[in-house]
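There are structures below to look over.
In the two complexes that follow, chain A is the common piece, with chain B as its partner first and chain C second.
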Partner chain A sequence: MMQPTTQQAAALKTLVIPMADDEWMIGHRGSEWLALAPDLEEDLAMSSISQDEMGHAELLYEVLHGLGEASADEAVYLRGPQGWRHAALTAAARGSWAEWVVRRYCYEVFDGIRRKALQRIPYAPLVAALQKMDREHAYHLTHFQSLVQTLAYGGPASRQYLEEAIREDWPKLPDLFEWGGRDEAWVSWDVAALAPSMMRAAFEQVVRQDFAAWQLTWPGNLPAADRAARHHDNSEFLAALLLEMREVRQVAPTSGW
Partner chain B sequence: MQSREEAFMARVQSGEKVEVMDWMPDEYRNLLIKQIHMHGISEVMGAYPEREWVMKAPTIRRKLALNAKIQDEIGHGQMLLRLAEDLSQPYGRGREDLMDDVLDGRVKFHNVFHLEAPTWADAGVIGFLVDGGAIITQAMLLGSSYAPYGRMLKRIVAEESFHMQHGESVVLALAAGTPAQKAMLQGAIDRWWPAMMFFFGPREMGASSRRMLDYRIRTMTNEELRQKFINRYAPRIQALGVSIPDPALKQDPATGQWSYTDPDWDWFSYVVHHNAGPRSADRLGLRREAHDGLRWAREASLQAARHFAKEADHGISAGYAGL
Partner chain C sequence: MSQSMTPEEVWERLHTVPDPEIPGLSIVDLGMVVSVEVDPTVRIVLRPTFIGCPALDWMRAHVEEALAPHPAEVEFAMTMAWSTTDISEDGRRKLQEFGVAPPHTGDTPVPCPLCGSSDTRRQAAFGSTLCRASYYCEGCHQPFEAWKTI
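Take a look at the complex of A and B:
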């Protein structure tokens, strides 16, 4: 597929906007951990990962720009709240260290499943972006798996923090598996793995195995999310996040910075 | 006959370099620890004023660059603390102790990181002037008699020059921007100039700084460094169309020396010695949140490592721990 039809372009946007927004938000929130990680070495690793995520978002916004959407900078700094399609988990305010470790581990597992499914869509700019992301995500996944494992075997207090964080994040996970638009978007590509139920099942399989290896209690299968989970039109939370993120830019929105 | 201490002094004064395993007088070791510990902690504490602006950076590129810059600073802190750890070995002091010291007020950090950075322009000016000042100080330290410090500074200075260019780029964009952007820049220069005059230390150096000169740990005086800074930055700031908040700033055409208004030495000195700057408490609070608040996570890493080492001894698979 060299030049997608109007219908295909709309379908691609439905699939790519959620991923771009997830990557942006998780990187944006990750950058809040700068100079706050448990030690300097972890700070360095976390900072690299957050930069990677925001870089991936930029890459995906450029793919969307090629499909007629706004530029990457405009998507981040000028788009209204109604246009964002991230999952709530990725943008949630900074909580505890254990919560961040669990959030990032769950996100990496999910994101790997989503990327693998999306790679079957024959749109060259998207395939190229996903391949680039794959190389970096392999390190991210390993890093967060090892952090969860460390907390699991780090003594009773550490294990308790970890289990509390899993209980805290578990109800927020179902949103991840939703898309930003109608099912026709992914159905038209004949990629069954993009169905929310399929992605959820694949996620549960991986995490269940890891939890068993780490002797962590399985918190139960995940329910389906609201179909409008990734729509934030009237979200006060998102409005506040955007206001903070754009505080400087809004001084002179179209000026050079 | 020459004592061991005198022979050591003669050796460093003739330009010889000292390695970590070489014998060194306690005075030399203690001066090095003081200098490198403070340098490392200042790099770490320097992350806090700038991190306030990462969440609000006005473009994707600026956000990524600022993120990377702060990461570099933390990396410098990590490398320098490794040096301080090596030197502190005879005292049985390691990373935990060196990091505890900042929270317990036993190590100082640079005056500039106690101050407010209330606008985006401050984030740019920190890169432009503070990193620019740090390059001047650190370039002087490249010739340090303590070879590991000099070697490490090669990498640090190279990265600081990227930081300065990042700061300069932010500053140039503001100078070419709207009246609001220009006013933001002028405000930041007004705030940071007096702090930069203090940055290099008093005109008359203290006893330990003079001793560091004797030992060739450092190779220039405070005043020489400050003159170099003014000479480099005064014309650059003026070229931006921004004024420098010092009516006494003037260069003597015959000697090339700059005269300048003295910063409030007593106030800045009090700020540094008592962590009493306008933002000292907030920034130390964040450091405490990371270091004290997450001590349990560092202990968990050690406990998990012991657990997997034990499993490995018994031939049990350690899952991802082997990765």
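Take a look at the complex of A and C:
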């Protein structure tokens, strides 16, 4: 597919906007851990990982720009809350370190499954962008796996702290697997792996295996998400977050990334 | 009117545009220069190493500066693949000389760029910039960084 039809472009946008927004939000929230992470190495790791994620978001916004969407700058700095399609969990306020570790580990597993599914859509600019991201994500996944493992084997208090975090984050995961748009957007590509139920099952398989290896209680299979997943109409929480995120830009409107 | 440049002259000048953190290591050594065209406007296509690298705009400005007073169009092919195997032999040597271990593959320990010892261990998969990881050398008891292999 060299030049997508109007219909194909609309379908692509429905699938790529959620990913771009997830990457942006999780990168933004990750940057908040700088100087707060438990040690200097983690500070550095969060700095690199968050920069990676924001770079990936920017690249995806450029892919979207090629499909007729606004520029990366406009998407990040000018879009109203109702236009964002991230899963709420990626933008959730900073909680405990263990919650962050669980959230990031789950996100990396999910994101790998989603990247693989999206790469089966024959749109060259998207495939190239995703393949370039793959190389960097390998570092992210192993890092968050090792952080979960550190908490799992850090003694009884640490394990309890981790298990509480899993219980806390688990019910918020299902939104990740939804595209937040019309089902035709993914159905039309004839890629079964894009189906929310397929992505959810693939996620459960990986995480169940890891949890078994770390002797963590399996919290139960995930339910399907609400149809309102990834829609943030009239969200005061998101409006406040966007305001804070755009603070520097408001002060210096001509500054670059 | 200034004379047009030859592609060879353009490449020569691109060799003077360094990585902002590693003096002497050029964007050519890094494998970032995809193409150079002179017709007679100079058109240069670069590809990023790590996608979120904050140095890209800095590099673009320095490419323009290196070619001045000849105007140049510098474009980034953002989705074009790049791997650490695209760093030239010269580039690996310059990294080593600067004190950053070049990208390493295989199960053997990363040799210390400072003393050459193989008695090293990785302290963290991440480092002071996107592209580096942190190591410690038991031979010379110094911390060092290595370029991540991607």
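One rule holds for everything that comes next: the second predicted complex is superposed on the first by the 248 of 257 C-alpha atoms of A that agree within 3 Å, B and C clash if a C-alpha of one lies under 4 Å from a C-alpha of the other, contacts with A are read in each partner's own complex, and residues count from 1 in each chain.
Simple rule for what comes next: a contact is a pair of C-beta atoms (placed from the backbone, for glycine too) under 8 Å apart; a residue touches a chain by one contact, two chains touch by 3 or more.
Source: prediction; values computed, not measured.
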Between chain B (first) and chain C (second), which, if any, makes contact with A:44: first, second, both or neither?
both
Just to be sure I read the superposition right, which of the two partners does A:239 touch: chain B = first, chain C = second, or both, or neither?
neither
Is A:228 contacted by the first partner chain B, the second partner chain C, both or neither?
neither
Contact-wise, after the overlay, does A:256 reach chain B, chain C, both or neither (first, second, both, neither)?
both
Per the contact definition in the header, classify A:192: touching chain B only (first), chain C only (second), both, or neither.
neither
Chain B or chain C, by number of chain A residues touched:
B
Scan A:125 for contacts with chain B and chain C and give back first, second, both or neither.
second
Contact-wise, after the overlay, does A:135 reach chain B, chain C, both or neither (first, second, both, neither)?
second
Partner chain(s) touched by A:212 [first = chain B, second = chain C, both, neither]
neither
Mind sorting out which residues of chain A both chain B and chain C touch, each in its own complex?
41, 44, 47-48, 51, 54-55, 58, 142, 256-257
Write out the stretch or stretches of chain C touching chain A in their complex.
50-54, 57, 78-83, 123-130, 134, 148, 150
Can you list the residues on chain A that touch chain B in the complex?
28, 31-32, 34-41, 43-44, 47-48, 50-51, 54-55, 58, 72-73, 76-77, 97, 142, 145-146, 149-155, 157-158, 161, 213-214, 244-249, 251-252, 255-257
Residue numbers on chain A that touch chain C, as the complex places them
41, 44-45, 47-49, 51-56, 58-59, 62-63, 125, 128-129, 131-133, 135-136, 138-139, 142-143, 256-257
In the complex with chain A, residue positions of chain B that touch it
44, 47-48, 51, 53-60, 62-64, 67-68, 70-71, 74-75, 77-78, 81, 95, 120, 170, 173-174, 176-178, 180-181, 184, 286-287, 289-290, 294-301, 303-304, 307-308, 319-321, 323
